[in-house]
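Down below are the structures I want you to see.
Presented sequentially are two complexes of chain A, the first with chain B as partner and the second with chain C.
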Partner chain A sequence: MASTTTTHRPTATRRRKQAAAAYLFIAPFFLVFTTMLVVPLGYSLYLSLFQDRLIGGTSFVGLDNYVQALTDSAFFGGLGRMAVFLVVQVPIMLGVALFLALALDSGRARGSKALRLVYFVPYAVPGVVATLMWGYLYGRDFGPIAQLARAVGLDTPTFLDSGSILGSMMNIVTWEYVGYNMIIMYAALRSIPTELYEAAEMDGASQARIAWSIKIPAIRPAILLTVIFSVIGTFQLFNEPSLLDTIAPNAISNAFTPNFYAYNLAFVNQDVNYAAAIAFLLGLFIAVVSYVVQLGSARGERKQESSR
Partner chain B sequence: MTTTLLPPVERPTAPPARRRRNPRDRRSTPLTVLLWLCAAYFLLPLVWLVIASTKDNADLFSTFGLWFGERFSLWDNLVSVFTNRDGIYGRWALNTVFYALASGGGAALLSTMAGYAFAKYRFPGSRALFSVTLGAIMIPLTALALPTYLLFNTFGITDTPWAVILPSLVSPFGVYLMRVYAADAVPDSLIEAARVDGAGEFRIFWQVSLRLLGPGVVTVFLFALVATWNNYFLPLIMLNRSELYPLTVGLAQQQLASAQGGGGSQALFSTVITGSLVSIVPLVVAFLFLQRYWQSGLAAGSVKQ
Partner chain C sequence: MKKAPRTALAMATSAAILGMTLAGCSSGGGEDDTAGSEPVSQADIDEALQTPTELTFWTWVPDIEDEVALFEAAYPAIDVTVENVGQGLDHYQKVRTALEAGDGAPDVIQVEYQYIPSFTLTDSLLDLTPYGAADISGDYVDWAWNQVSSDEGIWAIPQDIGPMGNLYRSDIMAQAGVTEPPATYADYATAAEQVRSATGSYISNLPSNDPAQVTGLLWQAGVRPWSWDGDQTVSIDVNSPEAQEVMTYWQDLIDRDLVGTDADFNDAFYQGLSTGTYAGWLTAAWGPIFLQGTAEATSGQWSAAPLPQWEEGQEVSGNWGGSTDAVLSTTENPIAAAALAQFINHDPESTALFANQQFLFPASTELLADESFTGSEVAFFGGQKVNELFAGIAETVDTDFTWLPFMEFVYSSFNETVGTAIGDRGDLVGALDDWQAQIVRYAEDQGFTVE
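Let's turn to the complex of A and B:
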């Protein structure tokens, strides 16, 4: 190795050269980042401050659109449905994902490799196709679930009326994303050093005990990541309501989810200004909720640290 | 704040040769049964899709959904998928491949360069810029699609392939992953040695570092590719001409046309169902093969340290 001091000392020129190179490396990303993320956000903020009236044309209205949104029961109805989704579907989905990841990681099931693949495959299926498939499975007259129920003498179950559609949608989303979340948790589980729980195993601790006391705390950050991704994903649900709307138009209102509402405002009602305000509020709301989730989790972690 | 909370999830550092003990003597039958029951749940819709693709329109609505119909119409359905409306389905398939490859490749390249720079260089503002990137992971991309549409509309680039590809190039999560990956996969000493040999920074990146970053690049590429392949909202709002549609939008429109009773479009349920099956085959096959590549890549990444 060259040990000459001139090449090894990071002189000011060299450092500046390297910094220049680094800026060139990040420049393409930040160029696209700015034009595709920052500018649209700013533009929609700008648009949301105007209103387009039949008489008088477009005029600056300040925060009127936001005031309207904050008293818009359709918008809050959608947010409320998503809140239910968040409280019911996300824990089920992540609980199942965690259970499957732990079960596969324990190596106690036959065919683990095939199982992992089967669980992950729905992630390769577009939401459009997933909704379409489940839509047929749910079908009242020709769906196989209804056919089976009738064959054994039960009442025909309804999946697509206004009372049950939210649950049916939860099932579709669960089907789509359990595998994806499972893989994130599984990857984290595989990187825990075995020494951490081998001793416990020797002492005869049960798998459930090991999972609860050692494995789950060790992959806490990965679990938090899946929680945050789920929060973000839930509030921007669009494919499922939009596709189910074609087969169950009476059960899906045009504001069933906030994102579906924003879409309908912009493209059906042609009210881009109000749609921009809704989209902006929705983004803000999601950011706040995921921030709160992070805060809560950080506090929980501190509590756990101090109780040790 | 976010820096400490986002975990290095996919960090490819699983130490080799752990779990040496033989797991065969600890197999549990109840657990196996339970896990395969879960597998049945995940497979059910796909099994239905395969079976339904072999039925003609009449059988679809008159026979039991989870068993074959009276006639085997898979070939007829496939012909109908690819000839309906002058074979527009093939056009949609090509569009999907093109959008997904362009977005995946572009996002992987941009994320790799940025992540590498964040991991291996010190420069003024790097901490702030990285924090901004991390914060952007929280921005809901679908909620952003509408503002992007409004912006593109004023510049007249809606209804072009660019409108779908450009927004898909931004992958803050990809930058984060590549930073984590590059920090471990590319030794500083190697970069330093290349500098001593007189190589410029870009030559080092292209000829030395990029090779070590391979598996990480593939991971980011796959995530971006799948995201674009499966995307519905963005192309739905951006594109008007049906010859620019990807499969997701095309299939959804066909489904809508069938559900509303044709209206001259001649789209049949069996065509939509078979088209759906064809549309998921490439990604499912890719998953089967890339899973192996992915794992070997991760293992290689951990040996290199």
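Let's turn to the complex of A and C:
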């Protein structure tokens, strides 16, 4: 026993030293992670258990805020709206992104480097600018789309009334994030060993067949990543409704999206506590939905494997 | 969130307006209710104003540094830092956040009339009475002074006001055969019909997102949609018969497509004003200058008149906009801060500068009576003495309109209910009921007793 300790001592010391170095290296991250994420999160959890009234001050109310939120039609209205958004917009956006990524990857498109950049530019445009720009494009009186429609004798299309605003917003978000998702998928496509589809090509498989049977299955994890990002992004929509609110104040209600609702609760209604509860429920909801998506896809994968 | 026990002082802020005495109604605690009411001797004031002091002033008024420079020239020991932290809700959010945090709050803030009660409710404003504010109470238009003061104290100094009038395109009106500005709302409806059929223009726009303008119109009609006793009781009556009457009137114009219902202060609205989509605008005293910047090409074609009246022969108006300067009770330099708030809004040179450089419509009666201000003939309005007209209107604003201590919610709720009904050309009177219900629910949730 004693001899083992002596022979192992140098290694143990080195190991300990290495461990210390490792901790030292991750310390900055953990410091920022703790102060900027864990502490504020804990604080909002704490806040969400209180009620602060203009008359009567602060009192501990336990889970009352959560109970109220679970019966709040405005909150669920926002969630429902985002569910529609998710079901309609995300497949379109990811479908277009996948198509573009495959097109670029096929090498058939000329100037693919330039194209890649062009598709990616909207993502580089700040969301604020993008929304303002689309606000102008959608404009009823002076927007180019409206002017064009009138010039060819059509009725002025309305993009910004309460019936069409969700669709208009889907369009803005799609435009903004197609390039971003495309880049993720494209990067995954580039990492597929070329031997795989050279072999398929030799066997006489068409490009469409290669894409469907080799490329798409191969980049499944990347696609799943974009789906999860999109789910989270959708339920957290804030910039677009907040900015469109100034352009189309009647089409965007205070609870248009859950995040916008939490913001309005905190800063207009001055109900920070309830806003914290809403934010927490939203976070929980997103976690559950993301997990379900991941689970569903994992099950799908297993089924595919077993059927092979 | 810390909330000190409310004192009689703070709770009774607007009791004067309701003629109620509230001493003893408070929930106890009295340590901090002397801060604002201790007499301050002239010697103390003189000494403080000669002691090197640094003040921070949060305001969105452009180039207000010029008025502040006049103050610094008069009191060289005091150094003022002007910071613009945003306008409207952004500004108030930041002030409230700083107050909550207990650190980083400025000494002096810009605050609009309707938000003063929300700050007195939380004991956040310094009573300016001991610092000489009582001596200048007669120097501002009555109703503006009523809005900044109560029996319990003086909470802010008025800077500018927005008494409402009717700006209209005289050329479009003439084209439709309307040669005189409509004297009553009945005339206004008739004129609206003529203008619409003869020129295709709307006589004006009733915005779907502007609670402040609609409140001004209700104010003119004698509607008292809400009141607060300065303590825990509010009364809410936004769907009163009088308010319904006003909304029924506008409903009729909207249903007959005689008035626009677009959101205001966006591109489409500016274009509407400059291209004649709207032949007029029921706006405030700051409107004439605003319009000159927005609809430059139509210079010389505009005229100004008082608002149409509900009864023939009346002369009543409401107010839309304007703001004040207040001192936060957390300030460490109350004397210097109070001096700043008073000086820039009382010194004749400073108030004249506000009126002539920033084009703020003055709350100071001296300036409103000053020939050099009222006498100017404005080419944009065909040489009309617009300032004189609005100075006259300022006298006709009803004096006993008050605000709730949570106007942010009230206004946001307006947009969700009445505003949406206007924009969708829906049921305005029904929307008043929804607005009422939302405000009542919020007030009860916040612990107020709703009468």
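Heads up, the rule we're going with is that the second predicted complex is superposed on the first by the 296 of 308 C-alpha atoms of A that agree within 3 Å, B and C clash if a C-alpha of one lies under 4 Å from a C-alpha of the other, contacts with A are read in each partner's own complex, and residues count from 1 in each chain.
Just so we're on the same page, contacts are C-beta pairs under 8 Å (C-beta built on N, C-alpha and C of every residue); 3 or more make two chains touch, one makes a residue touch a chain.
Because the structure is predicted, anything quoted here is derived from the model rather than measured.
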item	value
Partner chain(s) touched by A:Y66 [first = chain B, second = chain C, both, neither]	neither
Of chain C and chain B, partner touching more chain A residues	B
Touched partner set for A:S162, first chain B, second chain C, both or neither	second
Touched partner set for A:I247, first chain B, second chain C, both or neither	both
Partner chain(s) touched by A:V128 [first = chain B, second = chain C, both, neither]	first
Partner chain(s) touched by A:I26 [first = chain B, second = chain C, both, neither]	first
First (chain B), second (chain C), both or neither touched by A:F142	both
First (chain B), second (chain C), both or neither touched by A:L100	first
Which superposed partner A:F76 touches (first chain B, second chain C, both, neither)	neither
Contacts of A:L54 with chain B and chain C, given as first, second, both or neither	second
Touching both chain B and chain C, residues of chain A	136, 141-142, 246-247, 267, 272
Sites on chain B touched by chain A in the complex	1-2, 5-11, 13-15, 18-19, 23, 26-28, 31-32, 34-36, 38-39, 41-46, 48-49, 52, 60-61, 64-66, 109-111, 113-114, 116-118, 121-124, 126, 129, 133, 136, 138-144, 146-151, 166-167, 169-170, 172, 175, 193, 195-196, 200-202, 205, 226, 229-233, 237, 247-249, 251-252, 255-256, 259-260, 272-273, 276, 279-280, 283-284, 286-288, 291
Contacting residues of chain C [partner chain A, same complex]	1-3, 89, 93, 96, 121-122, 208-209, 232, 263, 266-268, 271-272, 405-406, 408-409, 412, 415-416, 419-420, 422-424, 442, 445-448
Parts of chain A lying in touch with chain B, wherever the complex brings them together	1-2, 7-8, 17-19, 21-26, 28-30, 32-33, 35-37, 39-41, 43-44, 47, 96, 100, 103-104, 106-111, 115, 117-130, 132-134, 136-137, 141-144, 147, 175, 178-179, 184, 187-188, 190-191, 193-194, 221-222, 224-225, 228, 232, 235-236, 238-239, 242-243, 246-247, 259, 262-263, 266-267, 272, 275-276, 279-280, 282-283, 286-287, 290-291, 294, 297-298
Complex contacts: residues of chain A adjacent to chain C	50, 52-58, 136, 139-142, 161-162, 246-250, 253-254, 264, 267-270, 272
